[in-house]
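One structure is given here, and the rest of the page talks about it.
Residue numbering begins at 1 within each chain, and the chains themselves are lettered A, B, C and D in the order written.
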């Protein structure tokens, strides 16, 4: 086996400030695992980083098809990293389909690593290639490294005793070894990890390690026309780190939030992509008293959570847009009976089934406005995987202190992506303990806290506080059914005011990057945080007068936001939808904001945001 | 039996420009029937009129309770009548509970007719009276006519052979007779009607007629200190009239609309107050090829209607807010697969179960914004019972011509209220025939009409056009499943543009009352039409610079609306919600509009709108 | 431990609220309410440990009239709310109340799941074969041909039988009663409450306004004895004004038939003996509807199985006991961590 | 009338689309698809008059691969869409396809209603006892103790049996098949299609990724003959590698038992003979699940009753025929009218 295109080896590594690498292969090629390992090694090497796992809708798409391509992207660097990167600096294509799908993302001149062993006629045809791109000069714009990884892997593990099929499955480790060499990563933790993972099947562990080492060795020894890269350590806030996905951080944050409220948490949900991981994570947290209930549908999930809140627990439910649609009637009841409820929405591309595995931010309307009647609720949005932890705690605080449903918006990108996370010390968080009503004298269930307007929460089982609640309008003064006009007016206004009161308990909106006034404010929310903050920073570095404001509280909005926005000449609102926060801001503040809207199932690229900012500043 | 408080009879009837009469009694007292008869007699007398049936939530509330009070209000006059009236000029209270509940609506000095026969201790207590209001001088502000109607009825029908219970049930006809005398109404049609209705029980017919005549006779003969009233004929557009409720007009309009589209209509629904009447009316229209399907729930109702549209019929579904909430996931599918669907929402007071029998306009957010994802639809609103007919036809046109779901908003008030209706000539309406796709060459289901962007509609059963559609994103060029980013962007924009295109086919927004520019525009929608147009007219008559604009097309908005609104210094938006159209207008046009918001389960009073207009003009 | 103060046993009246009952005069729901209040007193229940959860409908107003905890929720979903309540606090005795529309039209799926999961609740279905609250439309239990506002020419749906459905859904306790039978109904409620697991009780309820007399063919005084069989565990299926009618299994057709003791040589020994643990028998009893065969009343089926909430809590407790990581700070620090910066 | 051109009979291949099939390699759904394409050809069906309607799930992708009309709708609601389609055009042959999650978790209510109404559809439930598409969570048909991402310590729900549920829901046709049995499956589909009314077919389907081998206890080659009984109308329930096993009704316990012909004096005459019209028998057959007794395959139940869409259209046609008012202008002018103004 020779490595045909490799040439002379130059003396020392090229230094890069940051690099974007994308691993792409067949669903069965283990790209997510490869990416995960590379992420860990990169974190250990002291880089800041962000990742983007991008897998197909199909469980196991037929081998070699374009729709079966699974990819994992990582951006890492010596500076702080805000997104998983725009164009790739390096693309690993394990088969023709991966090349076909991913090539357009590789920057001109970028490094293209190809497993030639998979470029046979059959695979080329499946990928829709008429001619072999390795032979028709169509890849001339890139720096290509072609390796018969399949063959080299077989060679490396030939003594392992594995079947051919199993042996070939080590391809990804071979590739990882090679890429480790490319970026000067340490193999030891991966080797340890493999031994631990396959403790019961040592022959598999050793074969994978052999492949890893062989890939690495090829980099070290072969004669290549590039030297490998070095990405120096980033300046990172000191402390203990781990990687965390949005789904993990959400699970932790909700459970911690309930513990800060000092009540047990009940989680009723129904699986749906990309929200299911939250259910999976919480299902493994039983020792913390978390009850998880996989209901028969989204309606039952929401209703069970409301039932739990009625019984004195913190009811939480989760889904994605189409499932949340089903919950809205029940959420209306929670609004009417004023019980705590957290509705996590991990947004995905729609309408309808849409593109379940692709990300979008298009459920803001649904969250803020999407119910019958005057049904005000609280809406929060997380900006990044790690931020999910903080936002979840905030949701628990508001839900229990204000006896109200709270929507917590995440999205497919945040949910699946992982980032390094400075692990918080849970003991430093303020408690916000629930005080169940116990006084029987003068009790009725719609007694209110005069400050917040939250109603009294009395737990079934408490003698002397027996009461009945329901969705019919209630008398302000007794909690009994009431159909009188004045009372309905008063109750409607009270519900509205209660939600408005939440704004009194949240911090003033700050400016993420830039000044508190100026030419242009870019107002983002949710997962656009990365590209927007990077783009604004880049252009400020160029001297442009642009600032970045990023909202966590979508409803009610922070009290100072209107005033803050009025300090800028222009406002630009980038969203992965057709302009939903835009509507809210324009309606609230009459601010002549414009939208930057991308609805492609993919995060913004930094360059897209930069271009829009330039346009806005120039026009 | 003497009629204690009646005094000397004056010579001739007082002339009134208009009068508001409210009949109130126990659920079992037959007030709705009485009101209906009075309405018919009043229409025949040549007055314009509007009515408001206001019945309790309970099926048959316990006798004598305040929550069992059933009322019927009518406003009639010599000028055109726009609402069922603010304060009552005359209140008929058949028992203490009715007095208790309704008295506050009677204008000071108004006429109060009371059946003293029901003012016994038991009933007084049930109504929550500590002392008898007939004796404690608490009614001094009104002109009172106390009659022992119960006793006089018994007397009148004593020869009928009816049981005491049945005899007493004629009380309402006695009362009607008296009120007929009061306003100089002809009894003959009612007499004929009673004979027809009770053709098989002539003794009941005759007893009722005897009671009617006795009540009338008392007015004629007794010595009263007022002369009865005369309300001259109104100037009414000439033609053949009938009374129509919103539910009836909707049923007719939908069936006629489908026939203008030249396809059969399928109606899938699930009962819910106050929307059920539409189901009931359409269930009786089978001879027009209307299929009605009472589904197991709202979801199935919507899905069955979408299925019908897929099969080539015009699918229609209906509900009220909480039920529409359940349909939103399915509506998302109809948006995604681009099939016609009409969703009728007869709005009621919420949130949640709220006050099902009370009216509200609070589902505008739900209609315009209330779905996950970027899911644009068309939203129309009817302003009055008769207008339901026209709006239903418009909904049929848009749904079929644009292959889109259309929300049609009515409300509890419009649905139940009846008004005189100049019966349209159906033969004069333009057809908008559906052209099913038949060409097999080059067919795919997402071929688009280049003008409207509506997709091709191919009916199952057509050879050569076999195709599969679904909720997953579709390729713009083939209709097959597609997950590519650019395609999703394009399809999202196409769906948005298609709905925007609807605006090209609707008339420019006109000004209902007043000028096309000026100090203040009052922008209404739906059932606020009556009070808003009357209030604006009244104040214009006083010389104030105020105009009334009333929207039928809520989304997309008429193309000229932004420009039109910018011609006024101020914009006021009265709504029976906390400011929903207001949000849409502010967000769309950045117009600094203000809201006038009533959330009491009851229509605006003219005076309330007038006061707000004055405030706006003065501030 | 503190000495427990002996509470006074409550009477039926203690279970009534001060709320005015808003059903139509003569509605069968009144009788059911009365039977329930009696059953609660009979069982020595407390007001604070019982929760009534309901959907929407006339039946579903029930909680307002019980001086216990109560939650009047949304249409069709009461079983799901109840599941959340019971899982959150298994010490509560949770009742679910709804009509035939609530439970078998919009809500039959939740009903099925709560039954198959065997959550320890009592589910009471007040079957008046009509939608009362929305003014009389036909329901999934309405007989074919029912004329109603939405079926002016008569309904054409095949109705569902509530008990048969519950059996297919995997219920572990199925009983049937009649609103007016104050002698039987409290006992049925008590049996349901005592059953560990999901108990399903169908109460045939007369809607005097929209479906009056729909059960007359077996409730009318003159036919009742001949058209009703009250089943009791271990007792033969005997009924009739003269106490001489019985139910026998026809082995040829594998179906039930009515026989008269003493006629054609039939003796009591030929009759079926009620065995509440036999599903096949329960299926045949549930199908008896008062037309060809008398309607079967009482506990048709009962089988003791593990309850859902107990199993869920067993898992949680086991997880707590065996947990190695017990603080959130430790949990957050599991897996791969590294120190950076500084 | 025009002369009808005799269409050529289509082959199984003619029912395949050009879309790449996106199931996992080795998924049982492939075999079901093949059986369906064969059945369509066997029946001489056309592509244009058949519609496949599905919910969401791996199973629910089925319509994309049939060259007929198809509608991939939303999770759990396919029966409701199908009802609208069938009512709108009764000439269409409408099939509903979904998984155990689709039809028995979120969608069991719609399934029940379509069965009890007896809408003339074929409902095919591909039961792999798992949620495939969402990556392997347990489903309402999963056995107790199923470990899945949402039940890492094992599920604690009692599973529902699909055919038992269908029977309780009032189905008029119930059959059960196995994905890989190409000999039996097309025939079952054909019988379902020929049945006038709602046909319910459960297909046991292997999910090779998330629940591989869950049916092995009766599908494994070495046990299959002993653990499966293929029922046929009028034939005794005989099975077994040696063709000598049978099912007998135990009259004492009113339950089924396995016997061996020739042992303990058992003869073929002692065995139960399959009668698809007997609901009680169907209930017992449905409950046979391959554990204590062999799994029952084939048409378990079939009873001819009026179909919903026919009854609806009969009413509409009758209304048209007897209508006195036939124009909208007349309709609008019924009731009380008056002339005003002018």
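Criterion: a contact is a pair of C-beta atoms (placed from the backbone, for glycine too) under 8 Å apart; a residue touches a chain by one contact, two chains touch by 3 or more.
Since we're looking at a predicted model, the values are computed, not measured.
Student: Can you name the chain that lies farthest from subunit C, using the mean of each chain's Cα atoms as its centre?
Tutor: It is A whose centre lies farthest from that of subunit C.
Student: Tell me which of B-C and B-D has more C-beta pairs in contact.
Tutor: If we tally the C-beta pairs in contact for B-C and B-D, the bigger total goes to B-D.
Student: Based only on mean CA positions, could you tell me how far subunit C sits from subunit D in angstrom?
Tutor: Chain centres of subunit C and subunit D, defined by C-alpha means, are spaced 29 Å apart.
Student: So the centre of each chain is just the mean of its C-alpha atoms; given that, what is the distance between subunit B and subunit C in Å?
Tutor: Averaging C-alpha atoms per chain gives centres 40 Å apart.
Student: From the C-alpha centre of subunit A to that of subunit B, how far is it in Å?
Tutor: Centre-to-centre distance between subunit A and subunit B: 46 Å.
Student: From the C-alpha centre of subunit B to that of subunit D, how far is it in Å?
Tutor: Inter-chain centre distance comes to 45 Å.
Student: If you look at subunit D, which of its residues touch at least two other chains?
Tutor: Subunit D, residues with two or more chain partners: 56, 72, 74, 105-106, 108-109, 113, 140, 153, 312, 315, 319.
Student: Two or more other chains touching the same residue: where does that happen in subunit A?
Tutor: Correct list: 67, 286, 296-297, 299, 322, 329, 332-333, 337, 352-353, 470-472.
Student: Of all residues in subunit B, which touch subunit D in the complex?
Tutor: 40, 43-44, 46, 189, 235-243, 252, 255-256, 259, 264, 266, 268, 285-289, 291, 293, 295-297, 299-301, 303-313, 315, 329-330, 332-333, 337, 420, 423-427, 459-472, 480-481
Student: Subunit B touches which residues of subunit A in the complex?
Tutor: 56-57, 67, 299, 320-326, 328-329, 332-333, 335-337, 347, 349-355, 357-358, 360, 362-363, 365-366, 368-375, 470-473, 483, 485-486, 488-489, 492-493, 495-496, 577-578, 580, 582-584, 586-588, 590, 592, 598-602
Student: Across the complex, what residues on subunit D touch subunit B?
Tutor: That would be residues 17, 19, 46-49, 51-53, 56, 63-64, 66-74, 77, 79-85, 87-89, 91-92, 109-110, 113, 312, 315-316, 319-320, 322-323, 325-329, 331-333, 335-342 of subunit D.
Student: Considering only the defined contacts, which subunit C positions touch subunit B in the complex?
Tutor: Listed in rising order, the residues are 20-25, 56, 58, 72, 74-76, 105-106, 108, 131-135, 137-138, 140, 149-153, 209.
Student: Over in the complex, which subunit C residues touch subunit D? Could you list them?
Tutor: Subunit C reaches subunit D through residues 105-109, 112-113, 116-118, 140, 153-154, 156-161, 164-170, 249, 251, 253-255, 275, 278-281, 283-284, 287, 305-306, 308, 311-312, 315, 318-319.
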